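Once you scroll down, you'll see the structures, which are given as structure tokens.
Both complexes shown next keep subunit A, but they swap its partner, so subunit B is in the first and subunit C is in the second.
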Partner chain A sequence: MIRHTVGRLAATVLIAVALAFFTLPMLWLASAPFDAGPAITTSVPEFTLRNFAAILDNPYALGSIRNSLIQGGGAAALVVVLAALAAYALSRVRVPGRDVLLYLLLLLSSVVTGTAAMVPIFELATRLDLIDTHLGVILVVSGGLLPAAIFILKDFMDETPTSYEESARVFGASPLQILRHIVVPLVRPGLATIAVWALASVWGGFLFQFILLRDPDKAPGSVILYTLYTEGGAPRLDLISTFSLLYSLPVVAMYLFVSHRYGFRFHGGIKR
Partner chain B sequence: MITLHRLTKDFPGGVRALDTLDLTIGDGEFFTLLGPSGCGKTTLLRTVAGLETPTSGTIHINDTDVTPLPPGRRDVAMVFQDYALFPHMTVSDNIAHPLRIKKVPRAERATKAADVAHRLSLAELLHRRPAQLSGGQQQRVALARAIACHPTAFLFDEPLSNLDARLRLEARTFLKRLQRELAVTTVFVTHDQAEALALADRIAVMSHGRMIQIGTPADVFQRPATTFVAAFIGSTPMNLLPGRHTDGALHVAGATLPAPTGTPEGDLVYGVRPEYMDVLPQTRPDAFPGTVSVLENLGTSTLVTLENDGTLIQAVVPEGDEPAIGTPAWALPRRSLLYKDGHLLQAPPRKPVYTGTALL
Partner chain C sequence: MAPTTSPPGDAAGLGKARAAAFVLPALVLIGVFLVFPALWTIYLGLTDYRLTGLAAADPQVVGLDNYTDALTDPRFLTSLWLTVAYVGGSAVIGQAGLGFTLAWILRGRTGPVRRAVEGVVLLSWILPSTVVGFLWFALLDRDDGTLNALLHTPGLAWLLDHPLLSIIVFNVWRGTAFSMMLYSAALENVPPSHLETARLAGAGVPQQLRDVVLPLIRRHVLTNLLLISLWTFNDFTPFVLTGGGPEGRSEILPVYVYNIALKGGELGAGAAVSFLILLINLIFALAYLRLLRGRRKSLTGPPA
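And then the complex of A and B:
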């Protein structure tokens, strides 16, 4: 009995410590923006809204959120459309070596999005005149996200009974009509998950945006965050915390909305 | 009218699903493809629909060669075993979906769907989703969707097999009446012989990609062309007893029966339906002897199994006439068929009418 209680107590303490470890940074993010003199500690803030006024005075802060929206939204749209088409085709057409192809793509994508391929990608972007354009960023990050997106969506497509499509085909539906009328509505939770996941990945992405964009007017928030330092090189914790809070709010809101509307699922299956 | 000419379908891996089939299905005919699973009946239906491409041979629908046409240009409607209703659409949208594909304006679609739904007693359910319907209602929605696009032929792939037994009988009657009213050529696939007998104008019994017998339900039931058909048709399986024809008499399972004229000598199979047998309490040379081993209640009658040296003989007796288990009994055939090498011999042996209890 006592051993049982001690065991329960130890487990609870362990969980509490782990939770605290992850919660403290969140607390800091919630309190520091309202603190007149934030430091790398969590304390009861000396309440002020001056930090928000200061960040709005920064010439790039608001613009960078718009840039993030363009790049994240563009990449999410591209990834959803292309991944849906590719996953549908891969799910329905017998391609020899299909699974090998998928796994290979998945493996390569983690290499391609990494720093290893940075030099050739920069070279390619330069030759295609895509340096310093939103399009360049969108294309490069989408390329990295697509294999995983196809992989996840294919599972959703596999779960849609072929009799639905065959029925529509016998009534004369074209492949695009089948996709629009039947498949897309049925895999909508999958599409929503992929869209949010793609947008969130781009939102927090730094390296590609940092290297492919020269003009600070086009830089997304993740890059602008990196510029919030004093001339001496010390981080401006007041601005960093405030901007971090502002920058994370849209993504949190989107998560909540999509999760409420569709529910996140990384596997297929139709709710009948 | 649907005409198949030397239709063959080979699947990769060397499986011949359809083997040079020739068939003509008349206008307004209710034609049933019957057979065990894997016999090619569903493949044939899907090939007519255009969902499978034949390896060779042609399909004509009303004198048009549809073999090279995609499914949507063949003007047929198909009802699937799982109904294939779209879970994200209302009943009304489901019924109107074929019209939406044909780009019929929304208002006209809704009117049309409501008309058809009314006809199939679905008018109250137009705004429900398929998940909110019973199995029978879902099946009627699938029918309504097929009817809404006015096809030249209906293709049904076991549409009743997902219903429970009682509902299936109702749906069967409903379907047959509907087909009579619409007079649309219908191809109906089933593995249920009772369903095939009840619904069809003509039945094709299939096995291993071939049509073993094509005929009216009465033909197929009364004179099965092979022992395969004989064993497959009938709610109680036909007795198929090995026998021998020597010295002008048939020797089958302990009974000596007169051989019809023209019966070849040698080994034969003697077929008699349990319904065409009488069970007697005393011996007769032309009755099969045995010991009563099992009694199965069929409601208005009882299926009696006689055992004789490992040979089982079944007979149906009217309620109240059951012999006791373990007692000796003799089964006297009233109407029988003779098979040689698995095929039906021409003239059925004439049996003197037994003057005991009349069963039919």
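And then the complex of A and C:
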């Protein structure tokens, strides 16, 4: 009994500490945008909404959020569709060397998406005429996200029972129909999770967007955020904090929507 | 292929040809935008390609010079060591440890406490990286940082005095969500009756974890450790906090590559180090595959 009480108490303390640890850095995002004279310190703001008016006056701010939506949404859609098709086929049909191939791609993706491949990626995009296009960003980031997406989705697909598919086949459904009407509903939490994950990665991504887009009219919010400095090079904290908040809202809203609607998890499906 | 002739285990009647058609679009995209640049990087690693100057116009193949240079460079070895500490501290101990602890404590709980913890942990992971960089600047700033104000330690320059610790804590904050979610899902597979039996037999929590939980979720643990190690090993985000400084004390390998390739202009040497990073990652993955396979064999038992 004593052990149980001590355990309960330790758990409660741990929860409190974890809550504080994860909340603390975010406080600034909640206070600074509404502060008339924002500093680095988190403080109770001298309340104002003037910062929001100022950021709306910035010629690129709103457009950059639209660009982020195009690039992030495009990449998320592409990754979910292609990864679902590939994961399904890899999960259901035995291909020799399948696991090794998946691991190799996963390895490559974790390395290549870094700074290492910047020069080749830039040269490739130049030759394919993809510089300064949304499509260029979408294709490049999707290539990097796909291996992990296939890897995670295949786990979901492996755990769904195949008996439904067998009966659907008896009634003459085509593989694509089976995938759409039977498998997709079963793994919807997985697909939703991958979509959120892909969009969130592109939303905060900086490096590729920075080197592939020269035209500020095409730049996403993550790049525009780094232009909010004074001419002397000091950060404009009022604009940066306000824009950070505005820029965070869409991904947070999307996460809330998806987790409410489909659940948000990385593993599972129905047990075999 | 007619459905009736499909081999066993092919429930949807895909057949090899259609399966290939399903995989192909993803493979093409990965091939063009991932594998091809990777091969190009490997080739660059064998040349003296530079950002500017004579070698920029006409790079020469120098063979393994870049590799011998890197392996004898004390700065590379320091960086490798820092990376190991960074991955071990922030991913293996920090993210996986904290993620599992949270999943374990929250298991079976419902209601506002669980939602609040999951909410803030996931929020720290969903927020855009560029925004997160500014948040941590505001937290750790020397003169006006929130942390110094809270701890009453004005003027303590966290990023200068404890750069490695700072980026480790930062990465734990940033990445714990993935481990927590994966372990939460895994713990749902552990039947409560098994834990109850163990508890009645007098097993403490550590024994329950070792004897009941770990064998059941081993696959998840391994998958999680592989993914977070790979991601952390190649993580460039600490650059926004410390830029690798001061004096290279937080210069983990991805930052080292950036510093020599783009700041120093030695693209060939940078590409060579990238390839070394790839090799180290490969060793991780092979070790993981090995552990996973050992598990499968022990499950099926010796061949009859």
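By definition in this document, the second predicted complex is superposed on the first by the 248 of 272 C-alpha atoms of A that agree within 3 Å, B and C clash if a C-alpha of one lies under 4 Å from a C-alpha of the other, contacts with A are read in each partner's own complex, and residues count from 1 in each chain.
The definition used in the following text is that a residue touches a chain if its C-beta (ideal position, glycine included) is under 8 Å from a C-beta of that chain, and two chains touch if they have at least 3 such contacts.
From a predicted model like this one, the values you see are computed outputs, not experimental measurements.
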Touching partner for A:169 - first (subunit B), second (subunit C), both, neither: both
Per-residue contact with subunit A, leading partner among subunit C and subunit B: C
Which of subunit B and subunit C A:203 touches, first, second, both or neither: second
Partner chain in contact with A:238 - subunit B first, subunit C second, else both or neither: neither
Partner chain(s) touched by A:35 [first = subunit B, second = subunit C, both, neither]: neither
Touched partner set for A:186, first subunit B, second subunit C, both or neither: first
Residues of subunit A contacting subunit B in one complex and subunit C in the other: 163, 166, 169
Subunit A residues within the subunit C interface of the complex: 3, 7, 11, 14-15, 18-19, 21-29, 32, 39-42, 78, 82-83, 85-86, 88-90, 92-95, 99, 103, 105-121, 123-124, 139-140, 142-144, 146-148, 150-151, 155, 162-163, 165-166, 169, 175, 178-179, 183, 196, 200, 203-207, 221-222, 225-226, 235, 240-241, 244, 247-248, 251-252, 255, 264-268
Contact set on subunit B toward subunit A in their complex: 49-51, 70-74, 76-78, 80-82, 84, 86-88, 97-98, 100-102, 130-131, 145, 149, 155
Footprint of subunit B on subunit A - complex, ascending: 161, 163-164, 166-174, 177, 181-182, 185-186, 270-272
Parts of subunit C lying in touch with subunit A, wherever the complex brings them together: 3, 7, 9-16, 18-20, 22-23, 25-27, 29-30, 32-38, 40-41, 44, 98, 101-102, 105-106, 113, 116-117, 120-132, 134-139, 141, 143-147, 149-150, 173, 178, 181-182, 184-186, 188, 204-205, 220, 223, 227, 230-231, 233-234, 236, 254, 257-258, 261-262, 267, 270-271, 273-274, 277-278, 281-282, 285, 289
